[in-house]
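In order of appearance the chains are A, B, C, D and E, and numbering begins at 1 in each one.
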């Protein structure tokens, strides 16, 4: 039982999908409950993993390895280290909560929950896969349910959003596929095993290539592969020029899917960079991190914040805030300091919980008012005090108020960044001011001021909605007070990754 | 092994059985009233022939019938493939309303004849045999395309196909005549000997090859020999379109590999082939491949007719296939064979859904798929989505693995070929757009009140289930098929 | 000047190109089919000529025989299709004729 | 020094108000409905008062120790421990923070009590106290945190509570806007603060001693000397960064703009947060890090100049204000300026001393004004008050004492502390006589505007409408009591810090372990006396002017306001137009940037993306065209286009099969050409 | 110039001339009849090349079969009563250019190529040799051809049958 726990955790939702498909499509409630039921064991498994994980051991734990396609050295190879276990925990939790956030879905209930559970498996798989091929399969596996979940159950412009998301990510992932193949063929013997690829990381060529029309390019094989992988991941993050799918997808997606999208999917980009680019291509990472992670991350922070400030749609604002906050992750990863990199991963986790809350909250108000126009509200605090309170918690967490989780990760990132790139750190820190600006402005326009007559009778947030929010709120507070609940998991694994790259820094 | 006529018969059961079935069908067509049973007889014939084909594995490879045909794993692979294609298409035809008016006896007979022609395409070792078998397949295809009675599009398509095919094969035999003239022989083995030893006019030889490529290319449907296919695919009865797009394509690949690899190239160290100096056909095919996939995909983008769209997508897939050819090594060929096999499965599946929808609505345009998932046809819609995503090359479907192998082959070859891979990748993204458009119409749009309900017969649902399961299964566990494709690369050369 | 291989080949080539000219320019299906026959004849002359001058055996001639056979088959089918089209549609309005286009 | 004594009760000083806040915040709405407001009051006041008692105990505990060993610590748990960064959640008490916690819990407790009266009618009574308690917690965290990061938590926490309390009556956008302004301006300061933290940590980390704990920074501070970044000394830069934070929190130029607006909150909040405690955090921080500031003379100069400028600048603004609370607000800014002046001349003890006395009299003033506003039914315009001394005797007398104190009347607390500052400004090695001159000028201005207020409010005829006049009344006991206590403090608090000429300051002595020996012998005692007399004289002049203008009405204020064509008056009255300038440049600029960003996103990036999609679509369309039309067109163009209507083979004849065949031929030709050209 | 050469040129001229008629004629009936000349000319060339059997087959199948078919088709699809039976051709000039380039290329290559030389050039009746080969080495193609013809037969029937009545 315990040695296969990761497999069970990953594929339990798939079983749930089968179960949901077998149910009669008319019995909506039964389907909802069954779906909810099947997300519980993964959560329990994740908690069990969390408790049994040995944080002192930097290596992989709970490893399972079964030959899959031996002719190509493809294995069913899964396991977790500190980074992935935090992501697994986040995924399991958000999936569980999002089932409840999806209770209001009335159209095609069966299909929705079936796809949702499939998505769950895909996400889990990405975070536990250690075989590159398996990783890619899971990576792409998420695309399909996501496409349908946005496209079928989304808002008015859902088709555009869904296809945009799909095309963007597919573009990234096929580039990634090329990079994977390039790595596969450069390894000896050819393998997709990430651990083995990492072990030979020194061998991938770095000498400058002569590629027409560049006679002497500064980039070598490693750099090109790094870039291909990076673009694939950057689209998911989403890093600056590749981010425009995100506002559309977020705005059109149903609430729960926005939560998953922001809470888990965005993390895959940064997770991928950490898991693949860093240890496998250390020289390229050392050479390129400043430009493509550090500077771009800082730019993301400011750019996302500025864009958020200009939004009229509450959900779009939250979406752009994600762009901004993921910038911290990128900036943190580029530092190669224990503080920065831990802060980055912690920020991934925190952003997952905080943005999850934000999207859930936007969903609550959207369900009642049927619009999300920031200027169309006003004085909601008097009508829905509890809701406003929770929102304030989430907003303040998102703007990095000390005592809440977002603060810790942002400070760690900026502290780490200062040690390498003080200017970027200053830029990133200035994002803090901008963030406060747009969130406060939003609070003022939506929740404070004279009550809008139209919404005098809006019902207060209900128990089910609170149920989805409170666990996240508690985590946000706990991690603000005791961040080592997550940081302890990460430390040794991140140290190990760092140690691979640092010798290559010039 | 170089056998005469009578000794060869021992290794000739599959063809014999198939021929027997054909003749039996001709006779029974006159006797039996129930035409449906003819279909089942044809299926049984295919199955027996398939069994006989599988029986041949393990025997020594060699020449049969005085060096007319070759028996080796490669030819067996394509025999199995064409039998499967014929079998599935017959299965698909059983409940197809579109071909209600077609004479079933002749229809099945011609289908099987075509399959027989494909047998020879894969195994011929002689220019004459190549020509004959190609023509056999072509002729039956023309007839099948035009078999819809009282149907303008069908007849028009047949006529275009015939003219195009006639010219292409005319060019091909002209090219073959030059090869004959330069080497004095029709036999592949002797041709290759002569070419490698003798002094040849490279320009002449190159032109001959280009002519020959025209004949092969129009079967595989690559640019610039593709122009017939959208018209023909659209006009032909849907099962025949399916058959043409997979089987005819596959056999084109077979005859091409057979001619360009074991016949006139040399296998060097490490599975790398070398072509005859001065005849740089791989260089051309590299560009042809890029242009083909790009053109096919771009043209497919705006199509309103699903069959026509699938035709253009077929062109694009031909482009992908060529990727495996141009790298000139066994990995590429293996990827090609694998891709042909999975393409057969997923493309047939897609056409099957087209048949099902056409049965219910009589429509082939994208609008006819509107809200398919919400009008009682969730299963065909889901299956269609699976096939289309598989065609796009998304995991965990078989099409992904196929593309994976092709990419792998190209990346491994490195250098110039990486450009090809990048082009292919951009094309994958473009292709997603139009495949997803159908998926979008099926799932994201909602049906109008007057859109008819879609129902399936037992036969169709069984076939649909079979194909979609296979598509998923091969996406997850493809090891056996991959190694089968690898083993099928054992050519008999002298 | 002795009549040699080249002469025959040139005749074949001319027939071939005339056939090509036909298929390129003709609008009438039957004429195009005639053009195809010219192409095939051009190729056939090559085969027989090569059979005579190059290989020294009758292989080329056999090839030519087969080409002739298949040409017949193709012509039969082609003309059948032409007739079918004619039979079915001779009253149909031409404005709706271009069906296979997009 | 390295053996701090673990003292477990310290945590309760900090955490008790948090518990109160949690109780009121989570259960308050229910409690208020089910049990009544007294339960809320109990949960709110009791923790603060207990904290105060515990603080006294801490004071006694410290007194029991030898002066150089006076500190206690309470480590809770490791908070962040990554690489060389080790941060504990730990509270520590040394003489400096003892002063602070006593002020915070003491004055804070009084204000809590006062609030039970002041806010009694409010619907969101529980919310008010939840935030007030939370504020107390955050402020205590700020002063007791043993490291910069923990201090920063409190630092931002007080900002949050300030934001929430300024916008407490959120139905009015004016209030919420003031809250936003406060928060965002503070964030700008915080931005500097964090950078300062980073710089210190980085600089020490370079030397192998990365830390943010105060004691350790002090220990290794010498290592930072000589390090440079961007050509500037690290210490200078770090202290400057931190000082940006201080200007934000303590409303110094140029980040002072939020404080006057913050008066939109309930008056006890103004007293507690915007006068007595939170705004002094900057002073506390500079004093806490005195060892760094002292090592950076450039920064000290900046601090002194900014402090002095603020003191004068806001004093001039206060001259022209008519809102009772705004005058006090600018006066607060001005007094904070004095504190920074003190800190800037390295007289940290004087700064803290003034901080403490100021807390008393300014809290008293604010609460008194609250009492007035309460009585006037919410009216804050002084021009509509007058003659209130009869209706509200307690308020009048306590207010009078506080005004005397702030004006620096001898023997009041304000006199001693301000005098200390002025003396230090004159005599400290970092000072100059110019600072003293300006300081004395400011003192005169202070006396003038305070007495102006005093006379306007309490003397003369009552200028309120009859309805208000009829309802004039003294405030309830809960409000008067604290006033009285604070008034007593406004006098008595000064006596613990008597200047050296009166026998030496016990206050300075108390702080000596922290700041080191104070600068005593820089000037002769006689000089000190002379200076003291001068400053008292200037203050008296201010009093006299106000007396003439507003009590005797012998001197028309207009004569002064019309000086220089009224330009000065308009400048003062409009607060030098700083708000407008900020609005235009910073807010407007940021919004403009934001719009530009969004525009870029929507139109440029999406345009590129959509554009490439469109290009692709176009290419595909073009290709489709090519496939079907170009060939066709070529053929058709060349062809005679007249066809017989009855032509039965139109399709076959006009179909593009010829075109298709052209393509084959063309391809073969192309291949040959390429072959001939490149590979022959 | 030898007599045989003269004859060859004569035959070639007839062949090419009538082929040109096929290609260029404006009347489809003329085209169809000119085809007779081409086929006959080609048959004569076969005789020149000593391929008597092929020549016979050419005459039998092409002249006796295909040509008749074509004529029938022409007749059936055109009303004889029509005064003008057109055989429209389009894009003559570009086609001429393309084909001209093509022809020159072909001739160029034909002249330059070192074709295989047979050891000896024999003039002997080929019918029996071909017959033997059909039953020996070329049995399989022979049988396959029969299948092709069967398919063509069935196909022609399928295509020309009017409609299925079930």
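Assume contacts are C-beta pairs under 8 Å (C-beta built on N, C-alpha and C of every residue); 3 or more make two chains touch, one makes a residue touch a chain.
Keep in mind it's a predicted model, so treat the numbers as computed, not measured.
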item: Joint neighbours of chain E and chain D, given as chain labels; value: B, C
item: Geometric centre: closest chain by C-alpha means; value: A
item: Farthest chain relative to chain B (centres taken as mean CA coordinates); value: D
item: Far-end chain from chain C, centres as C-alpha averages; value: D
item: Inter-chain pair with the most contacting C-beta pairs; value: C-E
item: Between chain C and chain D, centroid-to-centroid distance (C-alpha), Å; value: 94
item: Mean-CA-position distance for chain E and chain A (Å); value: 71
item: Rounded Å distance, chain A centre to chain B centre (Cα mean); value: 43
item: Inter-chain centre distance, chain A versus chain C - centres from mean C-alpha coordinates, in Å; value: 65
item: Multi-chain contact residues (two or more partners), chain C; value: 9, 16, 19-20, 23-29, 32-33, 49-50, 54-56, 62, 66, 70, 73-74, 77, 81-82, 84-86, 89, 97, 99-102
item: Chain E, residues touching no fewer than two other chains; value: 77, 88, 90-91, 98, 102, 105-106, 110, 115-116, 118, 138, 141, 145, 148, 151-152, 155, 159, 162
item: In chain B, residues with contacts to at least two other chains; value: 128, 132, 135, 139, 142-143, 146, 150, 152, 156, 158-160, 163, 167, 171, 178, 181, 184, 203, 207, 230, 302
item: Contacting chain pairs - touch in the sense defined above; value: A-B, A-D, B-C, B-D, B-E, C-D, C-E, D-E
item: Residue ranges of chain D in contact with chain E within the complex; value: 634-635, 638-640, 648-649, 653, 658, 662, 665-666, 669, 672
item: Chain C contact footprint on chain D (complex, rising order); value: 624, 628, 639, 643, 645-655, 657-658, 661-662, 665
item: Interface residues, chain E side, partner chain D - complex; value: 77, 88, 90-91, 93-94, 98, 101-102, 105
item: Residue numbers on chain C that touch chain D, as the complex places them; value: 20, 23-29, 32, 82, 85-86, 89-90, 94, 97-102
item: Residues of chain A defined as touching chain B within the complex; value: 68-72, 108, 111, 136-137, 140-141, 143-144, 147-148, 151-152, 158-159, 162-163, 166-167, 170-171, 174-175, 177-178, 181-182, 184-185
